[in-house]
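Here it is: the structure, laid out below.
Note that the chains are named A, B, C, D, E and F in the order they appear, and that numbering of residues resets to 1 at the start of each chain.
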Amino acid sequence: MITTPLKMVVIVAEPVLESRLVNELRALGATGYTILDGRGEGTRHAHATDLPGANIRIEAIVSPAVAGAVMEFVSAHYFVNFSFIAYVVDVAVARSGKYSSS
Amino acid sequence: MITTPLKMVVIVAEPVLESRLVNELRALGATGYTILDGRGEGTRHAHATDLPGANIRIEAIVSPAVAGAVMEFVSAHYFVNFSFIAYVVDVAVARSGKYSSS
Amino acid sequence: MITTPLKMVVIVAEPVLESRLVNELRALGATGYTILDGRGEGTRHAHATDLPGANIRIEAIVSPAVAGAVMEFVSAHYFVNFSFIAYVVDVAVARSGKYSSS
Amino acid sequence: MNDILRVNLLSPIALAFVLGVIARAVRSEFSLPKEIYQGLSIYLLWSLGLHGGVELAHAQFGAIALPAAVTLAIGCVTPVSTYLAVRHIGRFSEADSAGIAAHYGSVSAVTFIAASTFVKGMGAEPEGFMPTLLTLLEIPGIQIALTIGALRTRATSRPVSEIMHEVLTGRTMVLLVGGLCVGALIGDKNWQVIAPFYDTKGAVFRGALCLFMLEMGVLAGARLGDLRRVGPFLFAFGILAPLIHGSLAAVVGTLAGLSIGGATILAAMAASASYIAAPPAVRMTLPDANPTYYLTLSLAITFPFNVLAGIPIFYRIAQIAHGAK
Amino acid sequence: MNDILRVNLLSPIALAFVLGVIARAVRSEFSLPKEIYQGLSIYLLWSLGLHGGVELAHAQFGAIALPAAVTLAIGCVTPVSTYLAVRHIGRFSEADSAGIAAHYGSVSAVTFIAASTFVKGMGAEPEGFMPTLLTLLEIPGIQIALTIGALRTRATSRPVSEIMHEVLTGRTMVLLVGGLCVGALIGDKNWQVIAPFYDTKGAVFRGALCLFMLEMGVLAGARLGDLRRVGPFLFAFGILAPLIHGSLAAVVGTLAGLSIGGATILAAMAASASYIAAPPAVRMTLPDANPTYYLTLSLAITFPFNVLAGIPIFYRIAQIAHGAK
Amino acid sequence: MNDILRVNLLSPIALAFVLGVIARAVRSEFSLPKEIYQGLSIYLLWSLGLHGGVELAHAQFGAIALPAAVTLAIGCVTPVSTYLAVRHIGRFSEADSAGIAAHYGSVSAVTFIAASTFVKGMGAEPEGFMPTLLTLLEIPGIQIALTIGALRTRATSRPVSEIMHEVLTGRTMVLLVGGLCVGALIGDKNWQVIAPFYDTKGAVFRGALCLFMLEMGVLAGARLGDLRRVGPFLFAFGILAPLIHGSLAAVVGTLAGLSIGGATILAAMAASASYIAAPPAVRMTLPDANPTYYLTLSLAITFPFNVLAGIPIFYRIAQIAHGAK
């Protein structure tokens, strides 16, 4: 069947950032997101939670343009102070219309 | 080491669909699946659960052919009435034999 | 923005292997990992847990070299006796420095 | 009447529910962990079954026949009356009408528990076999409504039989029916040992119920935003349907020989709409029925109405009916 | 004997377990949330430790020496007898034999609790130090069996010492040993305050135990399908091993000076197979041992046998042994 | 004094906490499921609010005015004193100083509960309105510290108002304020029915508190490794700050007319550092404040100090202050 190539931005970050990240994703043009609760370790230790290592993993399927904007934004706002990573994966979706707010 | 390129179909949907989707994936040729519990928002609001936004995320690594069949099937059966998205990711697996039912 | 292509190794395995896999990932050069709890079925039945089907899903973003080493290692040590799959996904990260231990 | 209403509104159960709604209204993110919420509901249903079983062992079965028949009758009438009203007065689609009918045809165990707690607090000890009637009412309503739906709408996406198996083997049935059997078998000596933990009149049960109602309030509050979406007809229906179904059941129950307490509980069952067993069953069999309609009705309108006002009203009606007898 | 069996089968604990199995047998998806199940087991073990510690503070240590020695002896005999039987009579692989031996060498805390509840219900108050014996039995069996396995099979994939640290610091040990110490330290005044919540003869403890057994039934029921897989030998072994180990322990315990209640509990421990501490330890050290074998044996055969039939049988044997003394 | 300390150290609460720390120290992986831990804290806070509300309904409001004023004063002083000490003596960054100030300005509900349990055990029944004071102290400290931070550091990444809404509508406030209202409304008759479950002097509450403290110990133990990271100044601060804040509060509370029990609890509140409401609020408003500092201080230093030594000390000081009056 016909699928459309899009980008999936994945963010792994401290749970405290959830509501804020969700709002920012929407503002940057994401039409939806999926959040999974997880745990992990990275290169830093700071973690403002009574459950060390608890993380949320947010994935948002967006257009390449929005993906770039999101990566820009989070690099600027979160990389310095927060337990935070972000990466982009190529995905092929059905119903691509669903993923463009315009 | 030698890895084989395959497709990973990822479905995010209402929890109520779990057992049904699992059976259908098997029927369409998937030899296994992994389910994660999550939450999210998209373009629709309907959600027949007392916990708004709860979702399951099913991933199944399959051959390109099966991936196509699964996308076809779910597009036809779920996109209209359910909170539901599906996308395909390219993956490279070891032990590719594991993923073909034939 | 500039992102760097890297590999993400994803492992789905029995929960009992968690601490061991984490140590081995670090030893093989991964600088971090994210673990999600899930459930699933595959081609085998064995599962040493009182909750049948419970699994952990570990993802680690690493260099292609480390990815290869990890796949080598797990193929050699886990495929025979454990409920275990491993696959590699191409990702594009920001701050690539974060992912190289050297 | 006002007294009874006030007494009910000042009960820990009602107040906990209201607190949950308020918390949601002020955009608090407070909520019980899902697993705790499920654990509490399992404990409540299991206690209900066990205690019911113990009392069932004492009931003479002559007394239960007529009330049981009435209960089944209610299970057949409420889904049909609901379907007809929503379809022909409200002019909603066949799927939506059948979906809503399945919810009102079935029963809300928590409403049952709230009613039992209320009447026991009022000193109107209900019959010991009421939990048995609860299990009788769980199924037929959904069954009938889904069949109507299956007949009227295009072939459902999944056989009704399969769905009914899920309903029949669902959490509520396992704990209620199972608990009834276990409770009936263990005998009084064993019961005495665990009674302080499972007694539905005890502090643990009622304390746990408060916590559960707090979360129910949060869940109901989370749907208040959808009230606009359901429109005036369904809003009115969500209050009138329980009033009518409940009032009739209170009278019929009295005629069937139930005590004031028993008749009140029967009324609460008839008036209540399921939000545990029905939603997934409807979602699977009538996918084109809009979940916002039936969930908002059950959780955000009918459930609060019954818990805050319905139950005391039915109690009063049962009193009058008994007086008239 | 039949009386005792009937009494046991009609206990809330046994019936709750059976209900869980049935729920699974009718393909119900009912199950306790994982976290609730874990929370209950933590509460049960913690109560067991605390209450045991309080009673331990009263026990004179002369009385405990011999029973302790016997317990350790049992911990050394059962894994060896199991290994030899499975390996040489059953002709299973060294890994499988050692893996199963680790399970029968260790102990199931829930079986211990069921036995305590049973004998206390029978009015045969056991010694206060029984929980202490439980902690003694937790370790050596696994230790020995894993060592056998390590010697016989190719180098294990992970040092036994590392695994034993995990077993020693596992949930069961932390709660039991820790609880024993805390219970022994707080003194009676403090204990009185929290006793209604932690008393292993109290309603909260027994009520929670029922819920836990319900889920145990579901877990056991989930493995019934594997019964075919284990074959006739292991099936018979899963019933005969506890019978033999338990009967001997009941006699030896009596000779060691234990009361009827104490001897019954010791027997239940000897008869039981671990399914919490042993499985992960065996999985890591003997990866080529088939988990289906040891898990099905422990959970779906030996555990139900002990809870439903074994414990009353051992009780009867202890009675006879005491009579013969 | 030593007696009081010993009594406190041998309390189930203190011992459970110590056990949790030890379990962590021996690298045990034991821990309560997150949902159980959250469920317990919800139950404890909800009980605290309900019971407090019931007692509040009996208090004459003349008596509460002065203590309330004192409490608010404490809420204004402690964050400032903390900020000044950490910033100018400790020479930490403005963000770190403000972040730590927010924690010491606010209050730890568990420390409050431990103090109540302690004084009640001592027979020094505190005022019924103490939980009300707890809610007064929750907010201003964080508010003030975050404002200091917002002024001193570059524009915060998120408006303080927004954060304060989260604090105000957080779990603690919903359960405490909500519980106080519900408790005050239900009246004694309703309270009697649920009291055995919610009574903060009862077995269920104290039993649950033990389990909760066990996990608190595990969480504190998990941070012991960070003690090196915080350095000698903060380590000393984590003990001296509660000592000073608490001792002063014990005296001022006594002068304000609080009983020995009430003054002790007020002291514990002043001495305590929040680790539920404050951390996320600080994380969001002062992202460049190092969480390792404030979390280790609150959880691994000040909390254990207060629970193990601080509370009995404040109790003694309150006794002396009362004697001096």
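Keep in mind that, in the parts below, a contact is a pair of C-beta atoms (placed from the backbone, for glycine too) under 8 Å apart; a residue touches a chain by one contact, two chains touch by 3 or more.
Source: prediction; values computed, not measured.
Trainee: For subunit B and subunit D, which third chains touch each of them?
Mentor: Under the touch definition, subunit B and subunit D have no mutual neighbours whatsoever.
Trainee: Can you list every chain that touches subunit D and also touches subunit F?
Mentor: Neighbours common to subunit D and subunit F are E.
Trainee: Which pair wins on C-beta contacts, C-E or B-C?
Mentor: Counting C-beta pairs in contact, B-C comes out ahead.
Trainee: Which chain's C-alpha centroid is most distant from that of subunit C?
Mentor: Ranked by distance of C-alpha centres from subunit C, the top chain is D.
Trainee: Would you mind checking which chain's C-alpha centre is most distant from the centre of subunit A?
Mentor: Centroid comparison gives E as the farthest chain from subunit A.
Trainee: Report the inter-chain centroid distance for subunit C and subunit F in whole angstrom, where each centroid is the mean of the CA atoms.
Mentor: Their C-alpha centroids are separated by 41 Å.
Trainee: Could you state the distance in Å from the CA-based centre of subunit A to that of subunit F?
Mentor: 35
Trainee: Once you find the CA centre of subunit A and the CA centre of subunit E, what distance in Å lies between them?
Mentor: 47
Trainee: Going by the contact rule already set, what residues in subunit F reach two or more other chains?
Mentor: Within subunit F, residues 29, 33-36, 39, 204 contact more than one other chain.
Trainee: Can you list the subunit B residues in contact with two or more other chains?
Mentor: Residues 36-37, 89-90 of subunit B touch two or more partner chains.
Trainee: Which chains touch, pair by pair?
Mentor: A-B, A-C, A-F, B-C, B-D, C-E, D-E, D-F, E-F
Trainee: If you look only at subunit C, which of its residues touch subunit E in the complex?
Mentor: My answer: residues 14, 16, 20, 45-52, 54, 77, 80-82.
Trainee: With touch defined as at the start, can you tell me which subunit D residues reach subunit F in the complex?
Mentor: Residues of subunit D touching subunit F: 10-12, 15-16, 19, 22-23, 26-30, 32-36, 39, 121, 202-204, 206-208, 210-211, 214.
Trainee: Subunit A touches which residues of subunit C in the complex?
Mentor: My answer: residues 1, 3, 6, 8, 22, 31-37, 61, 89-95, 98.
Trainee: Show which residues of subunit D lie in contact with subunit B when the two form their complex.
Mentor: Touching subunit B from subunit D are residues 34, 157-158, 219, 222-223, 226, 275-276, 279-280, 282-284, 287-288, 290-292, 295, 299.
Trainee: Can you list the subunit E residues touching subunit F in their complex?
Mentor: So the residues of subunit E touching subunit F come out as 33-36, 38-39, 42-43, 46, 50, 165-166, 169-171, 174-175, 178, 181-182, 185-187, 190, 193-198, 204.
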